[in-house]
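A, B, C and D are the chain letters, set down in written order, and residue numbers restart from 1 in every chain.
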Amino acid sequence: MKNSTGVYLIGALGSIATTVAAGVMALRAGLGDTTGMITATSVFEGVELVETPDLVLGGCDLRKARSSRGNPIEPREVTGISPRILKALKRELAQYRAGIDPGVSCNCGEAIEALGGCAGRGKGGLRKQIEAIRARIAKFRQDRGLKTVIVVNLASTEPPLELEGCHQSLGRFEEVLEANRGEKVRASTLYAYAAIGEGCPYINFTPSNAALFPAMLELAERNRTPVMGDDGKTGETLVKSALAPLFTCRNLEVMSWMGFNILGNMDGQVLDNPGNVQSKIRTKDGVLSKILGYSPHSRVKIDYVPSLGDQKTAWDFIHFRGFLGAKMSMQFTWQGFDSILAAPLVLDMVRLAELAKRREEAGIMPHLATFFKAPIGAEVHSLHEQFAMLAEYAQGARQAPRTLSAAAAPQ
Amino acid sequence: MKNSTGVYLIGALGSIATTVAAGVMALRAGLGDTTGMITATSVFEGVELVETPDLVLGGCDLRKARSSRGNPIEPREVTGISPRILKALKRELAQYRAGIDPGVSCNCGEAIEALGGCAGRGKGGLRKQIEAIRARIAKFRQDRGLKTVIVVNLASTEPPLELEGCHQSLGRFEEVLEANRGEKVRASTLYAYAAIGEGCPYINFTPSNAALFPAMLELAERNRTPVMGDDGKTGETLVKSALAPLFTCRNLEVMSWMGFNILGNMDGQVLDNPGNVQSKIRTKDGVLSKILGYSPHSRVKIDYVPSLGDQKTAWDFIHFRGFLGAKMSMQFTWQGFDSILAAPLVLDMVRLAELAKRREEAGIMPHLATFFKAPIGAEVHSLHEQFAMLAEYAQGARQAPRTLSAAAAPQ
Amino acid sequence: MKNSTGVYLIGALGSIATTVAAGVMALRAGLGDTTGMITATSVFEGVELVETPDLVLGGCDLRKARSSRGNPIEPREVTGISPRILKALKRELAQYRAGIDPGVSCNCGEAIEALGGCAGRGKGGLRKQIEAIRARIAKFRQDRGLKTVIVVNLASTEPPLELEGCHQSLGRFEEVLEANRGEKVRASTLYAYAAIGEGCPYINFTPSNAALFPAMLELAERNRTPVMGDDGKTGETLVKSALAPLFTCRNLEVMSWMGFNILGNMDGQVLDNPGNVQSKIRTKDGVLSKILGYSPHSRVKIDYVPSLGDQKTAWDFIHFRGFLGAKMSMQFTWQGFDSILAAPLVLDMVRLAELAKRREEAGIMPHLATFFKAPIGAEVHSLHEQFAMLAEYAQGARQAPRTLSAAAAPQ
Amino acid sequence: MKNSTGVYLIGALGSIATTVAAGVMALRAGLGDTTGMITATSVFEGVELVETPDLVLGGCDLRKARSSRGNPIEPREVTGISPRILKALKRELAQYRAGIDPGVSCNCGEAIEALGGCAGRGKGGLRKQIEAIRARIAKFRQDRGLKTVIVVNLASTEPPLELEGCHQSLGRFEEVLEANRGEKVRASTLYAYAAIGEGCPYINFTPSNAALFPAMLELAERNRTPVMGDDGKTGETLVKSALAPLFTCRNLEVMSWMGFNILGNMDGQVLDNPGNVQSKIRTKDGVLSKILGYSPHSRVKIDYVPSLGDQKTAWDFIHFRGFLGAKMSMQFTWQGFDSILAAPLVLDMVRLAELAKRREEAGIMPHLATFFKAPIGAEVHSLHEQFAMLAEYAQGARQAPRTLSAAAAPQ
């Protein structure tokens, strides 16, 4: 089993991580299918990827899976998964939860720190915290006999970090670490630095901009480690990136594009905080002007509506101008389960990050742009162009020599 | 002026044709801009196309532009054009309407024939009617000193024609004409046959399937005439062709896609007739399964709502299945002016048909697929792939030697 | 226990009946609350009603609860009830299903007869079928020791019955029965006649018009039996009856009101049949003109979308004219579980029919108008006026002497 | 003519006021009808009201109708009125605009003061400003030979004024005026005080709470002057007040009700300012809990979208719980012209205020509750109950002796 692949999830007790874990277990048990995973389609036929049911799951979380008396804490309702499946996986999910490491919190804003269990930034300094994270990842690898570990950041959105000169080069950034300047980093910085330091591919599925800044990309290049981010594209922005090109294809002028998002999961609760929501709005907002080539009047609002649970609902109103100045409009309502939409993307990227690592690629993975709201280093924002990039990569990977162990059969 | 280009519109008094005419006049007078026309964008930079304001307009219609006493009949309200522009163009539009030829009706269904002025199929037989149409087009060309005339079918939707062996080859089809078998043709057949016979590029902007069947395409090839159809893609189907690929890009399974269309113009009135609406539903319905690669439960309904006038409103409900079988949904409402959306496409295609004719292309123009709901001979149905085909064609045309007269400056 | 109240459900294995049964059981077991039941609110404080958990459930169905080998047939997915509750009630629901009588089918249209188990109209004639139904109701009463039995028609929608002279008076109608003229009745006719004959209050929750025509109302008066119908108001029409008065209150002119309904349960399947859907559209369509006092352009469409299951979705588009002729619009989407919305109304009406019977009221119960799309004998169609009628009735009933057994405590 | 009625509009150059003026002129010229006015319906048959075309229009505004060189400034586009009507009334509207008095600004927030022409609070103190307003109203009355003048506040929304002890009694409030404490008043305070001082009925159509606080109501009682407010109910809240009772009538629990409003007129521009928008959200937000009897999770958002002009668009999402805990939802989109919806309400209230004055009523007019989002002194918030109050008042007024001059014929 020493060739097998592990997934280390940051925010491992949250909705998305739980759905990722349940998904792997369900596939293993024949309780679900691969709908929602693009790596399971004919696009990747002939590309040797790790089998999804073979993935080994672990991770860390700020929250605790057990109460102070040692009793397991039931997971928050993850509404997207059917009760039938949840019930069948109950024991296995409990086992997964029991094995989750403690997480670190560092300069993440009050909303996240209120989740409890914060390690604080004082405890032994930044270097020491990084070492602790590395040790946990290494232990996960060793205990479970893993060849490759992929680290995926699914933690709550942090407030934006103001990037400065010290984030632009690895040399200068390491001075920040030496000087233990906690205000220049966030928890996601420590995780990314630790993961890449361990040679683990790092996927930044959150909007937090404190993980994959230029200095970190330099580290990824140097350590021959593939990385990608930011902010998984699962709902309103996904539709935007498919729909905005329509207006370009018809030379219709988008005057205004207003987006109202309501959701009720933990993500929504954290985003109810003005600081944290800024990160999200920033990644959502850029897509439009990048596709259209100009900036219409556009706002993205996010509101917390507890009764919705994991069911994210978005209403977008698009006001556009056509021939002879006529004004017209389009509106859409998207009603999807956040975690159900996100989890298969995480699994896709884990499989593709393992492939990239095996192919000895390093630094950003631009072919994963289609999975992100603000793909790092990508100039391409329309969904179909991003998808074409992914398909082209798959085409190339198909021709490459197979290096995956004989044990792992091609999908 | 003998190099100039004419546009012969079938259904010349209808909403779309009026908007096409008003558009040309408005551009000429500096009252509007080219929003909505893709040939006016950077995609066509460097491609020599006829200038839109230089187009010469004419056509025919079943309806009359003058009452029996000779007074001009005011056009039905074309709500999309602003009253300001309509007023400024009042005299010029009246002049355009006064010059419109009578149209022919033949086996078009009661709804169309009720519009009045039907020539019937008896009058001298099919060959004679074709000759009459050719004579009118030829007169338009000569009177206005035109080098090229593009014929565009904007007439109301006919009921579907059952295509048989006799429509598959030109030889067999000409036997139908000789035998004067009116039940094997519709008015659109006669127009297409006449136009192509005159060497005029023919654009079938309606869903009617009786114009560009295989025998007619054979004629187009033989006469070195470019043609394209069917059914201009301006609203719900346009959105469908941009949005359906999203589900493919994410491996989400579309279970149901229901579309409800309401509109209040003459088009809606004719489509209120079960026979005629079939043609439209047929072209609208195919798009989805062709993009998705499977056939979800899907219906397209069209209802006549007089109060809406030209403002077409469509509500689509999409029910889809994601990871672990979770059901989710999306819905959109599209509110656009039918003619405002259609007219710039007509102008784009007229310019591109003139280019194709000048480049000595013949038969179907697959690069125009993006403009149609059911593009003839095209395997590509997703909007962005169609658009890429058009852009590639533009790229090729840019390198081609310029053959347009010196008088017509490049756009 | 001889004072207790029974509910005899026609269509007892369908979604609504199952939800009614599950509701009673859930309330009994403390698994649910009375949300959705108006008789459980302060409006009925002080009115002595039978306790919902005390209701005794039975009924009949065309379908079978057991296969030919005697194995129980699992109910179709009733998506509105949470799996948690369904699981807790599994045994009790199976017991309920096992006790269901066979139903009769008579001239109900092919869609219903295809459900199987049709008794046909031949078997012994109309009188004999009526006797059989009466016998089953009487047995239910005796076996379960019931004082009062309320019969509720929850069967699938029949095609409309053309009402003629013979349906206008009891005398003439009984001649039809004697003459065994099956084409003048439908199954719902036989059920209503039998129920009223047994002195059981009869609630016609379906749109079928063959149950409560004038001759039947005459019978109800004569037998001192309260009855009410037609067609439970649970979704689009409910919204309509709350919203249409807005336009009256502001003197805004509704030009068009279009309604598109999609649903996927058995009801939807039966309504996919043009004959049966007519009954439904008829009851839905009248509401608008009765509230507004004029008839706008209005259509109601119903489409079967299997993937939706019990989740009824309706999109309504309202086009209206305001001051100085300006055109404006409103649209709404309603997404509700059909059975979840219907079941509490059934329970409300059962409780109120028991009260009416106890109060020795006879014939139609106009105060129940608020529960129906086409309330029999009611001139009032706006929701709040109907509600005021109900509240006024409750006020009156509060003052009335209590005659319910001491065993049944007031709610 | 000395019996005629004048309307003095505060904010006389804005969209609503312009539509009020155009409406009166259009009715006079036979260019429009009374759609949208409830006083023009059978509800008020037999009630003697001033004829709408006889109303004499005037008012004041902070903005100028003429440039510094004396040229007329064209009104902002008021999109709801058709260009045809605007054109026919062009001269008359210009005349109206030329006669508008300057307005006062006082402690109204930067957004309003930026409109220019602010008199500031310094100029001679509060008493002096009040005198100036009274003088202008008195001059309007005298110059135009008016018996009654109704003052209507249509000015932009001011930020909320914190009401204190000094606003609770007239005696204490007049001390504020004496002491010239400008921070305890806003411009709307001065207008209301002046109008009531002149014996003119005062309608507060804006959300500003600084006009009709208890001290002012005391003045109105003392001066025998009818008044009413706050905040005309024209769109989203109108729908809310018709729709929320539905959930009560069915005992469905509203868990969340989210409202997103977008608009592009001057009103929207002023509301883009956080201070000013607070007033509006406050009046909009209360309706729900008052109708339902409990407070669901509810937010009202207002965003400025310039391209929309006067076309206010609102999307509301309602999440509700039904029987057995099932979650369901409803959403609506309202697309209406703000001024077109507001103007007929203003005219209705002017006619009813004139009637009230003539009938010697004083203080608040609770029967006008239906026209307001936050009706002063009214416990009734559901639209139909408010409407019933108005109808009942009309019934009473019908029986009252007629005192209107013989010249003014009953409607």
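We adopt the following convention: a contact is a pair of C-beta atoms (placed from the backbone, for glycine too) under 8 Å apart; a residue touches a chain by one contact, two chains touch by 3 or more.
The structure presented is a predicted model; accordingly, all values stated were derived computationally and were not measured.
Shared contact partners of chain A and chain C, listed by label: B, D. Of the two chain pairs shown, B-D and A-D, the one joined by more C-beta contacts is A-D. The interface formed by B-C recurs in A-D: of the pairs listed in C-D, A-D or A-C, only this one shares over half of its residue-numbered contact pairs with it. Measuring from the averaged C-alpha position of chain A to that of chain B gives a distance of 45 Å. Computed from the mean C-alpha positions, the centre of chain B lies at a distance of 50 Å from the centre of chain D.
Distance from the chain A centre to the chain D centre is 50 Å, each centre being the mean of its Cα atoms. The residues of chain C that reach two or more other chains are 82, 321, 331, 333, listed in rising order. The residues of chain B lying in touch with chain C in their complex are 255-256, 258, 260, 262, 297, 299, 301, 303, 305-308, 313, 315, 317, 319, 321, 327, 331, 333.
Only residues 82-84, 333 of chain A touch chain C when the two sit together in their complex. Those residues of chain B whose C-beta lies close enough to touch chain A in the complex are 19, 22-23, 26, 31-38, 40-41, 80-82, 85, 238-239, 242-243, 245-246, 249-253, 321-326, 328-337, 340-341, 343-344, 370, 382-385, 387.
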